[in-house]
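Which chain is which? They are A, B, C and D, in the order written, and residues in each are numbered from 1.
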Amino acid sequence: MAGNVFGQMFRITTWGESHGRAVGVVVDGLPAGLPFSEADIQKELDRRRPGQSEVSTPRSEADSVEILSGIFEGKSTGTPISMLVWNSDARSSSYDAIKNTPRPGHADFTYIARYGIRDHRGGGRSSARETIGRVAGGALAKLLLSHYGIRIVGHVLELGGIRAKSLSFEEILENVERTPVRCADPEAAKKMLEKVSALRQEGDSAGGIVEVMVKGVPAGLGEPVFDRLDADLAKALMSIPAVKGFEIGAGFEAARMRGSEMNDSFLMEDGKVTCSSNNAGGILGGISSGLDIVCRVAVKPTPSISKLQQTVDLTTRENAEIAIKGRHDPTIPPRMVPVAEAMVALVFADHMLRSGFINPRTLLG
Amino acid sequence: MAGNVFGQMFRITTWGESHGRAVGVVVDGLPAGLPFSEADIQKELDRRRPGQSEVSTPRSEADSVEILSGIFEGKSTGTPISMLVWNSDARSSSYDAIKNTPRPGHADFTYIARYGIRDHRGGGRSSARETIGRVAGGALAKLLLSHYGIRIVGHVLELGGIRAKSLSFEEILENVERTPVRCADPEAAKKMLEKVSALRQEGDSAGGIVEVMVKGVPAGLGEPVFDRLDADLAKALMSIPAVKGFEIGAGFEAARMRGSEMNDSFLMEDGKVTCSSNNAGGILGGISSGLDIVCRVAVKPTPSISKLQQTVDLTTRENAEIAIKGRHDPTIPPRMVPVAEAMVALVFADHMLRSGFINPRTLLG
Amino acid sequence: MAGNVFGQMFRITTWGESHGRAVGVVVDGLPAGLPFSEADIQKELDRRRPGQSEVSTPRSEADSVEILSGIFEGKSTGTPISMLVWNSDARSSSYDAIKNTPRPGHADFTYIARYGIRDHRGGGRSSARETIGRVAGGALAKLLLSHYGIRIVGHVLELGGIRAKSLSFEEILENVERTPVRCADPEAAKKMLEKVSALRQEGDSAGGIVEVMVKGVPAGLGEPVFDRLDADLAKALMSIPAVKGFEIGAGFEAARMRGSEMNDSFLMEDGKVTCSSNNAGGILGGISSGLDIVCRVAVKPTPSISKLQQTVDLTTRENAEIAIKGRHDPTIPPRMVPVAEAMVALVFADHMLRSGFINPRTLLG
Amino acid sequence: MAGNVFGQMFRITTWGESHGRAVGVVVDGLPAGLPFSEADIQKELDRRRPGQSEVSTPRSEADSVEILSGIFEGKSTGTPISMLVWNSDARSSSYDAIKNTPRPGHADFTYIARYGIRDHRGGGRSSARETIGRVAGGALAKLLLSHYGIRIVGHVLELGGIRAKSLSFEEILENVERTPVRCADPEAAKKMLEKVSALRQEGDSAGGIVEVMVKGVPAGLGEPVFDRLDADLAKALMSIPAVKGFEIGAGFEAARMRGSEMNDSFLMEDGKVTCSSNNAGGILGGISSGLDIVCRVAVKPTPSISKLQQTVDLTTRENAEIAIKGRHDPTIPPRMVPVAEAMVALVFADHMLRSGFINPRTLLG
């Protein structure tokens, strides 16, 4: 509890605020014998960094990861792996003005309600920088899963109301990193960029939908009744800042379908049981069926906009106005893709260990 | 783990299959001194029973709860409360035929993949009967919360594509039990009943959306970053059979909004901080703001339809057909309302204890 | 938390007070496919019943177990197993007199401090009857472990100051049930019986030491640093009422040894690594070595004695006297043996699952 | 799980091996508003450092702690606190020789059995250096507890067979740091030093007993049945390297006492309920009584001795000999005192939060 620990057997503890000295993660439960290095982690961290494109805001943070424990001769030892990234480029002053006036859509107010004080420097632990620890931990999870044939890809399915066309796992994997919006449909990507640019001009922001797919999942993962695979995915993804909804397979569309339309028929194919459709999203009764896992999250528009907003002054207890200055991304979904993949990887690594598909002690002989 | 335990401080362990001897729950963590009786639990269990209306199927199960421990002179002792409901009306034979042919949309196939065998009698632990334990545990949670001014109401917001109009918490509380569809908008309720009736004739089924609201929540509940209040609500609700999506506040609509539309402005009202709108659904940064909690789940249509469906025969490893006989509800959302309320109550009871709003040991002096 | 749940992957939830309607346990995490029946559980429960011998007090409780879920065609389904034993032979009245005057050595006072009220009927949850749930759950754990060649035996090593001579695992297993004191050394057993008889006459009681040995344990069990195998054994055994100490291998004797005496030398034997001695008790660095596990608990004398004792009256806030009437065992260790074995079995079942030595989903194919 | 996380509400995750880059801890669950600084932590870390006295071996490790998160304007923020100590003075080479020949009494063999490989550099995670994280986390726990009037003191009660006389809490607190053996009885301390010196000459080592006392504990702490306060203390202390036994109050002596001797009589004193003796050690039925907590651990002699020992060669699978070189303390108990205090502090901080004696969110207003 206390909220900063995630997972049962593949367990991460994240720490660090945006304007503290560093942010990081401790990964506990990675079996011994997995080959890895800083490069594997850095690759994922680089994907989440701001300042990479027109859809994010330039900030010069190097975000270079250091591995402090749990590795010996290039392989995991089975003991905890501590990783950190030093903070720099602090610019505390941009945030000082808001200390007493909570920003609408942000967690300023609720953090003060909970803790009595709030590290107001840049959002503290409620800012996106705390996701560094998740992505670093998720990178290890991804690596572990790849040894078992499990692959994960995320992409932006919708942005500012513009929806990409339906594409296969391989097509998405192939194209997702080609554009800053991380949309694998080039036409939709182009429109998304225009939309975001327009909103940035207006000092406003856009929301969207991120989709994550997992291929190569064995049937039988998930622990009814409460630790169902989809329930754990929901919790993991809803824990990412700015997420307001989660759905799997047909999701909210299922609410409008008939049973005869929704049910995926079973059939034999190459001696294996599969389904003719995948409205279930790869999960039935909370347990994986062996088909691709397909899930989505609804991402709200960036709350930090430069337009004038109404708020209160907590010291005078009167209404007040606020205009947020500083550097802010006009849209979150493209940056969220690696974070969403990381959370999904963490859930799968945990379930694979818990269900006995991966030896918890060691990958060696 | 092992999936049948839910909660950290207000913790329930459910057990029992639909065609085993009984189903039940053990509630651990209820502080001492709470007055309660079988009647409090029975009231909630009666709401979930099938055979109550035109939207469900008559089955004569009494579902009478027995409290076996944890109570003394009408008050909780602070020790575990064990409650059970005996099974009757078994009708195993209706289900025998499907032992080798997994029903599409059901967990038959995935349960076999996980356990190697499957108690095929009526869905076993994947059937709706396992929700009895949740509702009984949730009834205690609701009672505890009521002592702290927290009230919960659920209702059917949408069914078979027909959506109710927007109503207030009090209007919903007032009207929800007046119709079998549990929709507080009489006009929409009427159309829903007609729709369901038609689908039943066709041997098909309908999905829908259940909404749950919570009033009286203090600000400051929720444990960033992973045990956020909305993340825990998502996990709790997604663990209910047939749920394919979860959203809070504006939910998936937020994906299509601008920041200036989505952000709820803060303002002072009667000396308290509140918001002019509630797109956040009562939660910001994973912590409650004090405003009403508003969340929804997408419910898929009942998978058990009488229409002919395609499946496989697991013994012959060939394609096969299946026509499900027996008694099945043509739609789930109305019956899910008390279950959804129960899960929400469990999450709030747990968080209220974890965050120190309720004394974990005793309610007495 | 809330204290009534034990274990991570092999998890039990116990419930019930001595004078409530029943006591029981829910076992979560037993893989599917284990053959078992009421008889397997009853066998262990019968060992813990009072009234079996001259060292315990006759009470006529049948303690017949009922299995309510989790079993199908004689095998575990992988879903939770709920078991209960109905209470009878209540005799509440014997205990009423003590409601306001806490019995020395008992938990009366501390329970009131914690819960504000106390179910004073027969010790409530602090009485030995709550161990029924543990023994039932432990019986399943024992059965599971036996399929992996792991055997557990407990015995009374010391009673009323009389110590048995050192015997092998097989000798103990052979003889332990032959005497009511559960001591495998016939001479020591005889003296123990005499000692206990004398103390009973005087209205006093005796303490002792229970030893538990485990054979067939694989090397590599235990999770440093905090969930070391010996740390988990300590917690499990110290949770049994009346236990005041735990030790493993040489235990407190090690405090007085030199390193050259304490260290167990390694040597090859039949191609396997073993040790020439076992002062470590089968655990090094918190991980099993493959040698027998040998641990002990110190059991305090029964607090319920008929001699006059000094206490306080909680209502008048003055000193008072108390003479405990009714039926009480003059010594606990013989009755504790099956409970201690059960707790050890639970720890090993849990660790075997967590460390991947047992498939958590199913024992089938 | 995975063993490196301890606690439920006051939760620490430790990481780091002796010869990795650093060792550290993440503390989750410390409420907001606690004033603290590096100095508070450094004070406790300095107590555990080797090279301080004649009873330890000189090694020049600075062990300077750095706080990387969770603090703002000198107070805790309620978010995780990450602390680390950089490793230096590595001297890997001293340990290379033993890679294939497990040292008797050490965890070399069992770690290889568990992980398949073993970071042989200086004991890796099985060495005493991993206790730095515990002591740092425990320092915060101690500080938090002091705000609630709870004080903890540990001392060496017995060393090399020499036992100190019985002293009060205040006498121990006053004198424990005056001698390198951390024994508050000056005469016994003198003999202990002589004993240790002699054993060091012989290339052998001595064991001992560490006692920890806690004063100011409220009545009502502890969660029967499984998370009893004494059971959690046992687990916490048994998790420290080299501990082979735990006892509370009269401990193993209780096994030899009569009930009339063991039971602590209740009496009124200054309007409060107390006891005339404390054989219970401050805990009855797993719940604190308000009296001092008194517990002890049995510490085995340092396994690293320079005398020649028998072992096996894991590559040739033949018997071999080993003579451990390098720098080793001839006795552990004096160095273990701050570690034992830290573990006890962690248990109490956790239970105080879980039982509602400390507000989990904030210490402010």
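Simple rule for what comes next: a contact is a pair of C-beta atoms (placed from the backbone, for glycine too) under 8 Å apart; a residue touches a chain by one contact, two chains touch by 3 or more.
Just so we're clear, the structure is a prediction, and the values are computed from it rather than from any experiment.
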| item | value |
| --- | --- |
| Neighbouring chains common to subunit A and subunit D, by label | B, C |
| Centroid comparison with subunit D (C-alpha atoms), farthest chain | B |
| Subunit B and subunit C, separation of their C-alpha mean positions in angstrom | 38 |
| Subunit B and subunit D: spacing of chain centres that average the CA atoms, whole Å | 46 |
| Chain centre separation in whole Å, for subunit B relative to subunit A (CA means) | 27 |
| Subunit C: positions in contact with at least two other chains | 1-5, 8-9, 14, 79, 114, 125, 220, 224, 354-355, 360-361 |
| Subunit A-facing residues of subunit D, complex | 1-5, 8-11, 13-17, 20-24, 26, 28-29, 32-33, 66-72, 75, 77-82, 84, 114-119, 121, 124-125, 360-365 |
| Subunit B partner contacts - residues on subunit D that touch it in the complex | 8-9, 79, 220, 224, 354-356, 359-361 |
| List of subunit C residues in touch with subunit D within their complex | 1-6, 8, 14, 102, 104-107, 109-111, 113-114, 125-126, 130, 158, 160-161, 199, 204-209, 219-228, 230-232, 234-236, 238-239, 241, 244-268, 271, 273, 275-276, 279-281, 283-290, 298-305, 307, 309-312, 314, 317-319, 354-355 |
